[in-house]
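Scrolling down, you'll hit the structures one after another.
Two complexes, one shared chain (subunit A), two partners (subunit B, subunit C).
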Partner chain A sequence: MKEIAVVAFSQSDCLAQAGAANEVELIMPQLQAVFAQVGLNNAQDVDFVCSGSCDYLQGAAFAFVSGVDALGAVPPIKESHVEMDAAWALYEAMLKIRMGHAESALVYGFAKASSGELPIVLSQQLDPYYLAPLWVDSVSLAAMQARLLLEQGLVTQHSMAEVVVRARRNALDNPHAQLHSETSLEALLAEEYFVSPLRPSDCAPVADGAAAMIVCTVEKARQWGVPYARITGIDHRIETHNLGMRNLTDSVSTRQAAEAAGALGGVVEVAEIYAPFSHQEIILSRALGLGDETRVNPSGGVMAGNLMMASGLSRVGEVFRRIAAGEIGRGVAHATSGPCLQHNLVAVLESA
Partner chain B sequence: MVQPDVLSQPFELGFTYTRSTGPVVGRFLTGLRQRRIFGVRASDGRVIVPPAEYDPHTAAALDDFVEVGQEGEIVSWCWVAQPRAAHPMQRPFAWAMIRLDGADIPMIHCIAAASPDELATGARVRAVWADEPRGFITDIRCFELVGKAGASPAPATGEDAGELEPVDRIETPIYLHYHFTAGSAPARFLTRIKQGVLTGQRCPRCANVYIPPRGSCPACGVPTQEEVVLPDKATVQSFTVVAIPIPNNPIKPPFVVANLVLDGANISFIHLMSECENADVHIGQRVQAVWKPADEWTYAMDNIRYFKPIDEPDVPVDKIGKLPITGLEG
Partner chain C sequence: MAKLAAVVGIGQTHYKTRRGDVSIAGLVREAAVNALEDAGLGWDDIEAVIIGKAPDMFEGVVMPEIYLSDALGCNGKPMLRVHTAGSVGGSTALVAASHVQSGMFKRVLTVTYEKQSESNAMWALSTPQPFSAHLNAGAGGYFAPIIREYMRRSGAPYDVGIKVAVKDRLHGARNPLAHLRLPNITAKEVEDSMMLWDPIRFLEACPSSDGACAMVIAAEDLVGQSPKAPAWIRGVAMRSEPTMYAGREEVNPQAGRDCAADVYRQAGITDPRRDLDCAEVYVPFSWYEPMWLENLGFAPQGEGWKLTMAGATSLDEGGDIPWNCSGGVLSSNPIGASGMIRFAEAARQVRGDAGAHQVEGAKLALGHAYGGGAQFFAMWVVGANKP
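And now, the complex of A and B:
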């Protein structure tokens, strides 16, 4: 089976409101950046392109097709799209390469979630008979999950706030972060509740923006002569949509994906985890089996800025960046989708 | 380069779907119409409310319906201090996971309460029914705490399920509200057309000129920056005569819709043609914009009412989309 490498990654600043930029204008700078990292002209120079986005977020039908205007698709290219975070576009691209249908692929994700009321838009991904007509928003579902953890003693308000303090501190070194500061537990715990038991700081700040990545076979990476990280494992698992049937205090799907991806087959120096709510980072760290030897979300994670439909890909990109820079030798990236961590992807990256 | 205004406006997106329910969801909704709540027994014996069509563990089709109680206990909850416009209640309320008596799997619904201090995991709640149940999840208006003021109509009308037609479809209109913001390049274009000026963008790589511009050359995949002011003369690249009335379109058929390429541009846009015999419209025909009065100009392509034929020689097909800004004489 062909071994696959990440050779380029770029993400935009996390902006609460990207102003006038349209889809193409959000994507274009990131594509130009990854092409420059490898020395490519445009999407003609890779064998496959796959993007992740969700038209509901900006309420523009076929917004993802407009995104193709950023690629240089003349003559026609091989292109695909997932209505999901671009981490799943990466998964599709890897299948394409492993099947021998491509040696290289461009993957990107983008969203302009500020156009709509995200928690309400996301309510419409729920069961269309029983839940969507009630408009149960995504923050409220996460809040009920947090209360289960709190009342079972699996997290405390204190441990949730610690996640936020560490994320914002780590984000001081992240030039793309939306929230970055030294902040105290006392200050966070003094916040009024948003949707109790969640405080505003327990919820990742939603951002407009984009991220892009180029992956290829290891042979191609050597041919291009650029630093790379190998993706040695990737897997994703989904749980039932029926929230009442799930154990919301655990993430069985993350544990299964981590096992299948071989995450625990070596030291995890860095884990970049997609946890849009503070308590979810605690659930996920446990499901991934992480210990003290692992630095969790050194970028600040999505608590520093949550690029909808691109944050999962960015987790992979953050681990790649550190490996390519020689900072670490092995790391794990995680992406999530759906309410209360319904669907989870785990990728393992290792140095060349 | 003209600094564009940030052009943003609210819009509503509607998905006015009617959904067929299938037998399982339909049975549940039919029950609601009678102020009764049904679950279904899963393969492991647990009762799922609202009923699932298939067992989440074994994938077996489920059809062993069980009526459950109208009261239950809170499994988890959250307090919405500031309800959103879409929420079912506009005063502070709780969402909760509620395990009804006789059920094993909690359902999600809202709870009316005066303050979060009244709520606790394990507290007993009961369904509050809509005045006129119609076979929809909101027939349960909300839940309320048992022992708190109860104005709920008497449950369980006792009607036989056979007396009413079963629910087999529901209308689920969804309206989502957005603020649409034009991109930077479109905003520059619209800012200029408000002044009666047509502005395209030139690709730095292939030199193609695009109008209206979107900020990229789709052929090369590079950003476009250089602006090009174009004249309002164009050539017909293709056209159609619309013979059927289009809903909500004030223009009466038959009328002509054409792909037009402005002089100096390389890509066509779509606009109307008028002041012409429809039968005489042809590819290569020369046309010019007929503008609205300047005091009606806004951020819109319809500052140009339509294009009308002008007395210039036709453009050969292989030259369409390749004329210089100076037009035919250039």
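And now, the complex of A and C:
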């Protein structure tokens, strides 16, 4: 199986509101940044392009079509799109490289989630006949999940708040973070509930922005002469949509994906986990089998800023950055989709 | 090099204005079960599911793969959702094929659908956007001026589109799954139908359908486990260009020409009209047949309409290169599935399994899809013979 290398990554600042900037204006600076990292001019210099976005966040059919305007696709390019987080666009790009139809690929994700009420928009992901008409929002579903964990003694309000304190503190070193501060358990636990048992700080903020990445064969990475990280495993799994049939205190699909990606077979120095709610980081850390030797979300994770449709890709990018900088040798990235962690992707990155 | 892969199972629903008898989940499952039965396989034989459809607003379900995981037997497996505008049915087939061609999977299921009766596609395509002109024109209004430009340039007679509309409906009458089955349709009837977007008349436009299409794609070593003849994937290609740019050739888009050249090169095709036995090409408005005949290299520029008028693309007239024997998009159009139906019908032809619309002895066929402002293209060539 052909080895794939990550050679460039960039993400925008996580902005609560990007103002009048349109999607193309969110994407272009990130594309220019990744092209500059490798010394490329534009999307003509890669063999394949794949993006992730969601029409409902833009409020328009074909949100990605205007995104193509950011690419300079003249003459025409090989290009595809997933209506998913861009971590899955990365997955599609890897298939394309492994089948030999591309040596390099540009991957990007973007959203302006501030245009709507995200938890309400996401309620329309649910079964359209039985659940969506109830308008159960994503925060309420996560609150139910947190309640189950609390009642079974699998987390405490204290351990949830610890996740937030660490995320905000780690985010002090992340120039793109939306929320970063030195805060205390006492301060967080003094907050009023938002949707009990979740406090506002237990929920990732909603952010506008974009992220982009360039991947290629290891041969191409060497030819380009840039630092790179190898993706030595990647897998994703989905679970039943029927919440009543799932054990919401566990993430079976994350464990399946981690096993298939080979995440469990070595030291994990850093894990970047896509956990939009504090208790979910605890579920996911357990599903990934992480111990004390692993630094979880040193970037602050999505608690510091959640770029819808790009946060999964950013998790991979954050691990890449640390490997390329020589800080670590091996790390794991995770992405999620759907209510209460229904669909999960795990990637393993290692140094060259 | 890409690993060899073949279509070993195909399943479709029947297509109609409103499938009120099934939910969205029921619709996709119907196609999926038909494909598994066709392949002689069960759910456990499938390693991953790749799903595609046109905009989520067509049914009002955000990222519907999340809801459809159960219906498609996907729990515990990878599930990927492709969305590339009207070409999505074709792109989804290509992404599914890449799962096998990359060597990462041995056998996958791919499903595309649209249940247009759940919502209003015209509305979904016309939501006003900040800083953009609000056209509210739908697809027909967008393509009508491009067709007029084709007519002006080529000097084609006014009734070429009428001829295509009749021809594809006669083809559709042979296909028991088709939405429109009009065995007695006449040119006069098409000509007398209401003008919707000049020069596109009502009967020169595609219907709006509910329906789903599914395929099972297997790696070389598993092809023999399915009972029916495989359709070997001989070439795959996609191309995109922006909706608008200075000097853009909208009548004969470069992305389409490049995509065709790429897929022909892989399949060893030098003269598509001679080398291919038939083609399933995305023709949602009648005039797109002569336009794509030129774009895809079946005819010199400005002369596609001559093939159409000579009956070259007609099964009933014994044409040498029948196009859209299934009835095409003009006979059935569940948008998100329409591209995959083209890909699947091309595969049915080379499997010798196309029933009353079979092209006798078909060995090599083209499946084609396009979308957006004729800017996204997906194509494959499938063959009866292993490459």
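One rule holds in what follows: the second predicted complex is superposed on the first by the 352 of 352 C-alpha atoms of A that agree within 3 Å, B and C clash if a C-alpha of one lies under 4 Å from a C-alpha of the other, contacts with A are read in each partner's own complex, and residues count from 1 in each chain.
Heads up, the rule we're going with is that a residue touches a chain if its C-beta (ideal position, glycine included) is under 8 Å from a C-beta of that chain, and two chains touch if they have at least 3 such contacts.
Note that this is a predicted model, so its numbers are computed, not measured.
**Q** According to the stated criteria, A:H101 is in contact with first (subunit B), second (subunit C), both, or neither; which is it?
**A** The second partner, subunit C, only.
**Q** Touch test for A:N242: subunit B only (first), subunit C only (second), both, or neither?
**A** both
**Q** Examine A:L31 and indicate which partner it touches, taking first as subunit B and second as subunit C; both and neither are also allowed.
**A** After superposing on A, A:L31 lies in contact with subunit B but is clear of subunit C.
**Q** Regarding the shared-chain residue A:S337, is it in contact with subunit B (first), subunit C (second), both, or neither?
**A** A:S337 sits against subunit C, while subunit B stays out of touch.
**Q** Does subunit B (first) or subunit C (second) touch A:S140, or do both, or does neither?
**A** The answer is first: A:S140 touches subunit B but not subunit C.
**Q** Looking at A:Q124 after the superposition, I want to know if it touches subunit B, subunit C, both of them or none. Which is it: first, second, both, neither?
**A** both
**Q** I'd like to know which partner A:P197 touches here: subunit B for first, subunit C for second, both or neither.
**A** The first partner, subunit B, only.
**Q** Taking the superposition as given, does A:N22 touch the first partner, subunit B, the second, subunit C, both, or neither?
**A** It touches subunit B and subunit C both.
**Q** Considering only touches as defined above, state whether A:Y56 meets subunit B (first), subunit C (second), both or neither.
**A** both
**Q** Once the two structures are superposed, pull the subunit A residues common to the subunit B and subunit C interfaces.
**A** Residues common to the subunit A contacts of subunit C and of subunit B are 20, 22, 56, 59-60, 68-69, 71, 73-74, 121, 124, 128-129, 132, 240, 242, listed in rising order.
**Q** Contact residues on subunit B for subunit A in the complex?
**A** For subunit B paired with subunit A, touching residues are 4, 6-7, 11, 13, 19, 21, 25, 29, 48, 50, 52, 56, 75-81, 84, 86-88, 95-97, 105-110, 116, 121, 136-138, 170, 172, 174, 176-187, 214-223.
**Q** Which of the residues in subunit C come into contact with subunit A in the complex?
**A** These residues of subunit C touch subunit A: 1-3, 23-24, 54-70, 74-85, 91, 94-95, 98-99, 101-104, 118, 124-125, 127, 129-131, 236-243, 245, 248, 253-255, 258-259, 372, 375-376.
**Q** Quick check: in the complex, which residue numbers of subunit A touch subunit B?
**A** Touch list, subunit A to subunit B: 19-25, 28-29, 31-32, 41-44, 56, 58-60, 66, 68-74, 112, 114-117, 119-121, 123-124, 128-137, 140-141, 143-148, 151, 192-198, 240, 242-245, 248.
**Q** Okay, in this complex, where on subunit A does subunit C touch?
**A** So the residues of subunit A touching subunit C come out as 1, 20, 22, 49, 54-56, 59-62, 64-65, 68-69, 71, 73-84, 88, 91-92, 94-96, 98-101, 121-122, 124-129, 132, 235-242, 252-253, 256, 337-339, 342-343.
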